[in-house]
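Before anything else, here is the set of structures, which you'll find just below.
Shared chain: chain A. Partners: chain B in the first complex, chain C in the second.
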Partner chain A sequence: MAEESILTDEFLRQLIDVGEADVLVGVPTYNNAATVGHVVQTIRAGLLKYFPRERAVIVNADGGSRDETANLVRGASINDLQHSTDLNALRTLHSISAEYAGGPATGTALRTILASAELLRVSACAVVSPESTTIGPEWIERLLRPVYQGNFDFVTPLYRRHKFDGLLMRNLVYPMTRAFYGRRVREPYASEFSFSGSLASHFLAQDIWVHEVGHTGTEIALTMSAITGGFRLAQSFLGVKPHLDARSADLVAAMRQTVGALFWSLEPNFSLWSSIRDSQPVPTVGGEQEVTLEPLRVNRKRLFDMFRSGVAELEPVLKSILSPPTLAELQRIATLAEEDDFCYGDELWARTVYEFAASYHKAVISRDHIIQALAPLYRGRAFTFLVENREASGEQVEQNVENFCLTCERLKASLLELWNGKK
Partner chain B sequence: MREIIVHELTQATQELVREFARFLPRLMVMLIVVLVGWMIAFLVKAILRSFLRLIKFDKLSEGAGASQLLSKAALPSSTELVSRFAFWTAWLGFILVGVSALGILGMQEYVTRFFVFLPRLLVALIFLFIGLLAASFFSRAALLWAVNTDMPSPRLLSSAARVLITVFTASAVFEELGLADSTMLFAFAIVMGAVMLGLAIAFGLGGQDLAKRFLEARFAPEKKEGKEREDELSPL
Partner chain C sequence: MPQDQLWYKDAIIYQVHVRTFYDTNADGIGDFGGLAQKLDYLQELGVNAIWLMPFFPSPLRDDGYDIAEYTSVHASYGNLDDFKTFLKAAHERGIRVIVELVLNHTSDQHPWFQESRKSRDNPKRGWYVWSDTDTRYQGVRIIFVDTELSNWAWDPVSKEYYWHRFFSHQPDLNYDNPAVREEMWNVVKFWVELGVDGFRLDAVPYLVEREGTSCENLPETHAVLKELRAKLDQHYPGKMLLAEANQWPADLRAYFGDGDEFHMAFHFPLMPRMFMGLKLEDRKPITEILKQTPSIPPPCQWCLFLRNHDELTLEMVTDVERDYMYDQYARDKHMRINVGIRRRLAPLLDNDRRRIELMNGLLLSLPGTPIIYYGDEIGMGDNIYLGDRNGVRTPMQWDGGWNGGFSAADPESLYSPLMLNPVYGFQAVNVQSQKRFDHSLLSWMKRIIKVRKSTPVFGRGSIEFLYPANHRILAYVRQLDKESILVVNNLSSTAQAVELDLRQFKGKILIEMFGRNIFPRVGELPYLLTLGPYQFYWFRLRKI
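And now, the complex of A and B:
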């Protein structure tokens, strides 16, 4: 129980009071007073409705919120639910909340939840974002049931999303994770996911906690760890994903958390991913990914302008990252007029990302600068995706994403050449 | 008369031979010190070169922009240059020690000065390298930040960061070397003053919009809500 050391005395005392539990739901928070009350009430409702016979516990790991977050979590009393609904717990339902040490960091919050799961010897554990305003009680069942029944070790979510929502996920994180590791996990960087007690111990034993990914981008690092560890994966359809995610409003920060962690994971797992040639589907529970098409105001011109200025201004930086033919092609398309021939196609984009991954591996410049330099290029790709799918149906969008994934898998050999090559 | 001349000549010759006999061991000592010094300096060079290759020093100096400078000046790689510098510094030190063994008047003072100056030279070189590295890193960081936040003139901002850090580094290096302290101080103050004044004018007059946007983003972010938020789309 070495992981006890990361738990504060107060946290440990509360966990000891709980004793043991069957299921655990962790909520990492930091200044989430606007939404956390509703989320915790819904989690309670889900646990009472779907796991009335199990010993359940909600663990709130707080990063030192200065608003009412902690009070709202503590104040979301079980009695409120029992008065208003016919929900009754047949076993214990604890709710504990404590501040973890070291200041706000998603990784530390997740590690605290993992350590709590290990200490309480739970069979299944779910993590829920405090910002998931669209959460329903059924989310708890859909996340925990596949694990609690012992069928799977790691469950990632599937959402109903707008066709233009999660562009970085669709155009880089999902296709590249799939190409690298050979598993078709649609949401490798998930704000909601679940895992078994044994997988929690496996996560805690990994060395990610001493690296940057142990602080930011931990979600995707855990997904990689579950894949590379050969655990049984599943995807569970939850419902509508909240449109704006505060974590990802800043593109560069989002890229650090996802692309940075993904590139970082290639280093220790080279022997595994270098031998994978294609990809395998992951079992799904409760339906497939859904795409909505309602009109959305998107500032495409700004994306395009930022791509063009990025390619022009960052030339000296891009020269040290990209091969001359790729850079020349980028410079060529950056000079095209917006509405005419501009197209940042699948092959060029896949080649760009692979060359960035190889440069990250070789650390040709600061690794953080490499990730930052990819952001303007991603904007160009996002522009192409928006234009190409402007009139597309949900199925067409999914087909286009699938085509890009296949391109990534096909071109993966080029990364292997670059990986050990001098340039 | 003739006998006196012969006697004096004989005495002078004998004196010369005696002096030379006294000088010869010192010369031998000097030659041995110089020879051993050469071998030690060569060893230092070889070890340093291997160490620098091990830590990929060339790559580091490439990141600092030093390699490009060396290449433009048709100089060898950073690893080779530092190794050669260490060789010549070490050997020069031994040569001076050897020369001082000859017992030439006034030489001892120069030797002492050299060894007092050596650590300062080393510190100045370390300052220079770290300064170049910092200038390269922060100018690139400024460039990336400016591009990703859609700031106007990212390269100007990047160059300004590089110039500021380089000027600061140069002043620190010259001060460490003790070269023209007051001149460098004045030059530094003038350059800094000029840069700051230039930035103030540029920011105040030429960059009104930039200043407005910066201040709005910093102190009134709610004004941007719903207008130009990152594509109105969550990338994740």
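And now, the complex of A and C:
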């Protein structure tokens, strides 16, 4: 079995000691000592509060941290040797840590967690980011309960974000996932999610692990796998998602992990997505709660400049990817002198992405170059999004995102035509 | 009888009510004549002490814990001569006898209370706790929450309130009154002179009341008990006092004093946690409570039990634990009473022989003196539809014949209905049928008791827990002088592997105590054992 080859003997020994569990919370880490202590303590509090009777385990898959990450995770254990008097725990809570081979890679970490879930025969498994410092104990309940009660196989989060946070998600990943696969999964690339034991086995059996998406962008690949596998989906409101500046700094990496994985998934699932014409909502469990959001500053000017320079510098590359009308329109707006006149509208942006997807399929150039070339164009779209929504309320922003999603669904036929080579 | 003053440390106590055991005069109620007749059975079982529940004259509104006369025998069970005959026969078989001493309260039918309530200036007025208001001792908890609303009851005769911690028909005696203390000493003397070996003192935390306190575990109460113990030691050395104090270990510890109060005390908090650990398949509840258990003076001993005549009390657990226990062991509301579960051992464990054996294995190997509740050695069931806790007090099932061999009376006249259902009824579960088979529960109980008695380690030895990484395995080493016994229990319903760190015993071989088979010698490496579902091992560690 595949999982046998990815678990070290030491980790296997720890799993044997755990035996069988009802619920598992996985934490993929790599040098997260600054935040992981708080996160695992909160996970522990959540397990004790909401799953006091269940056999629970926290599994840390570590990419070779050189800091105190592993010790901080292990410190969340509750047993007859390590007991805090302020805890009211019925039973032992294992918190185990394993360093997987091959260096830090989210996919390998997730695969380790999936293998643990399968070997421990858990009913429900959640994955939590070690950087989610806004986590509360209720996150554990909101992630695990919908699965543990047996109603759902895959639960993605709903976060309360600032209207200018998650731009890539609002402008590309969510609308395109929705258009391709017909399910309105608001956070298809989530750092928190949960799944059933049977879905864990399904994930492990997929062939993504031998591809690039098995190393980076695995989260979205799992979402696709859950959707295409016909599993029961749900969304659960967690709360505030912390905004990570570091993430926005490396846009290309983020594009590879999300758009790259998304485009990659289109190949094996053509028969499915090609027949989907619209989208269906995903049930939401738990009501959205009022939360306060910190103001967020975005450098619009930089986005605009990078778009213009990208269109100019990448012209030969874009020529091989985009249709002449689309490229011409992009070049036209890139030459606008005034920012206020600039508009990278819904329709043009949707066509751009579809043409990139088709080019990715046909591998007109290196697929990685295709993904990289989309980055400056996305910046132009993001600039328009920020300008258009400058004065908009949160609800208005959501409505604008919805309108864009409908545009993507409406224009999906053009992708099929490109895909089949008619254009 | 052997003269060892620490005899209670090696005892295996059988708890029985005379009424329930065997009826010789066909009145439907067990009696001392019947108990004497069945002593051979108890001797064969291997027990060496009997704890008799109250057999004194009583209106029996609380199963005899409402005593109306302390120095006599309830007519239904015989008379004092019958008791003496029984006692002599028990001693002849090496079985000691422990009787109840209900210090805290009497029946409201006791002549003392009848006198006391006659008038406010009656000489016995001060023998009970009276008040013209029911607001004294505010905040003191009510123990029988299902039936009592207050710890005060109005007496319409003398027109004052009297204090009662239990049922309102059980007025508390006033231990601030020296005359009460003297009279209770006379009661003790009476039974010791007859030859009883010890007393189980009921409800000891509540003897004295003080304003602004919980009226439990007060220093004044301990002073009363110490006074009693001192007199007992002075005049009748070798007699044993066993405390019933349903308290947390830290509070219980005080009842041992400096070895000058009780010889033994029930370990109440451990019992529910044994059931909890079994259901959770996790040793944590058991090791945790034993780690919280303070050490006790060398002559003292804990008393362990799985089930008794009362409910499986859940007072000494947290709210989370209590809810869990109710959900796991008492889903049917009929199974619940007060703050506990009124069920016998076998039904609690779904009549699962493996779990029954494991729990008895724990009972007999953890530090303390074990108590076996009558009928549990054959796996008797309960009747949760009988009132109060009567469902666990049904007649002993001797055979599959008339009234289960308990009585020749008309079935309708028995003190309690017999168990009749196809699983636990007397035709399915009885002594006679189990005696015929080597693999019956009764035969197994005889074997394990015999093994337990083969060494003093279990009764007198120390305990050291091993903490293997597999939390479903409860392992410990019992040690006395140079003798060591390793106990390994699988609390799980599935097979388990465990690695034990036995380096301190390097070079020793393991001898399994039931079959006496030899297991491999202990080396430097972790000692690997595999155990089937709910399996346990007792190993003697031998240097050969």
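Note that in this section the second predicted complex is superposed on the first by the 392 of 423 C-alpha atoms of A that agree within 3 Å, B and C clash if a C-alpha of one lies under 4 Å from a C-alpha of the other, contacts with A are read in each partner's own complex, and residues count from 1 in each chain.
Throughout what follows, contacts are C-beta pairs under 8 Å (C-beta built on N, C-alpha and C of every residue); 3 or more make two chains touch, one makes a residue touch a chain.
None of the values given here were measured: they were computed from a predicted structure.
K.L.:
Between chain B and chain C, whom does A:Pro52 touch in the aligned arrangement: first, second, both, or neither?
P.N.:
A:Pro52 sits against chain C, while chain B stays out of touch.
K.L.:
Is A:Gly19 contacted by the first partner chain B, the second partner chain C, both or neither?
P.N.:
After superposing on A, A:Gly19 lies in contact with chain C but is clear of chain B.
K.L.:
Please work out whether A:Asp165 is in contact with chain B alone, chain C alone, both, or neither, and reply first, second, both or neither.
P.N.:
The answer is first: A:Asp165 touches chain B but not chain C.
K.L.:
For A:Leu72 in the superposed arrangement: first (chain B), second (chain C), both or neither?
P.N.:
Once the two structures are laid over each other on A, A:Leu72 reaches no partner at all.
K.L.:
Comparing chain B against chain C, which has contacts with more of the residues in chain A?
P.N.:
Per-residue touch count on chain A favours B.
K.L.:
Once the shared chain is lined up, is A:Ala334 touching chain B (first), chain C (second), both, or neither of them?
P.N.:
Neither partner.
K.L.:
Classify the contacts of A:Ala373 with the two partner chains as first (chain B alone), second (chain C alone), both, or neither.
P.N.:
So A:Ala373 only meets chain B here.
K.L.:
Under the stated contact criterion, what part of chain A meets chain B in this complex?
P.N.:
164-169, 173, 189, 243-245, 247-252, 254-255, 258, 296-299, 302-303, 306, 309-310, 313-314, 317, 365-366, 369, 372-373, 375-376, 378, 382
K.L.:
State the interface residues of chain B toward chain A in the complex, per the touch definition above.
P.N.:
63, 137, 140-141, 143-148, 150, 154-155, 228-236
K.L.:
Which of the residues in chain C end up touching chain A in this complex?
P.N.:
Answer in residue numbers: 276, 280-285, 287-288, 291, 318, 320-321, 324, 465, 467, 469-472, 492, 494, 496-497.
K.L.:
Which residues of chain A touch chain C in their complex?
P.N.:
Chain A reaches chain C through residues 13-14, 16-17, 19-20, 52-53, 55, 78-81, 83, 88-92, 94.
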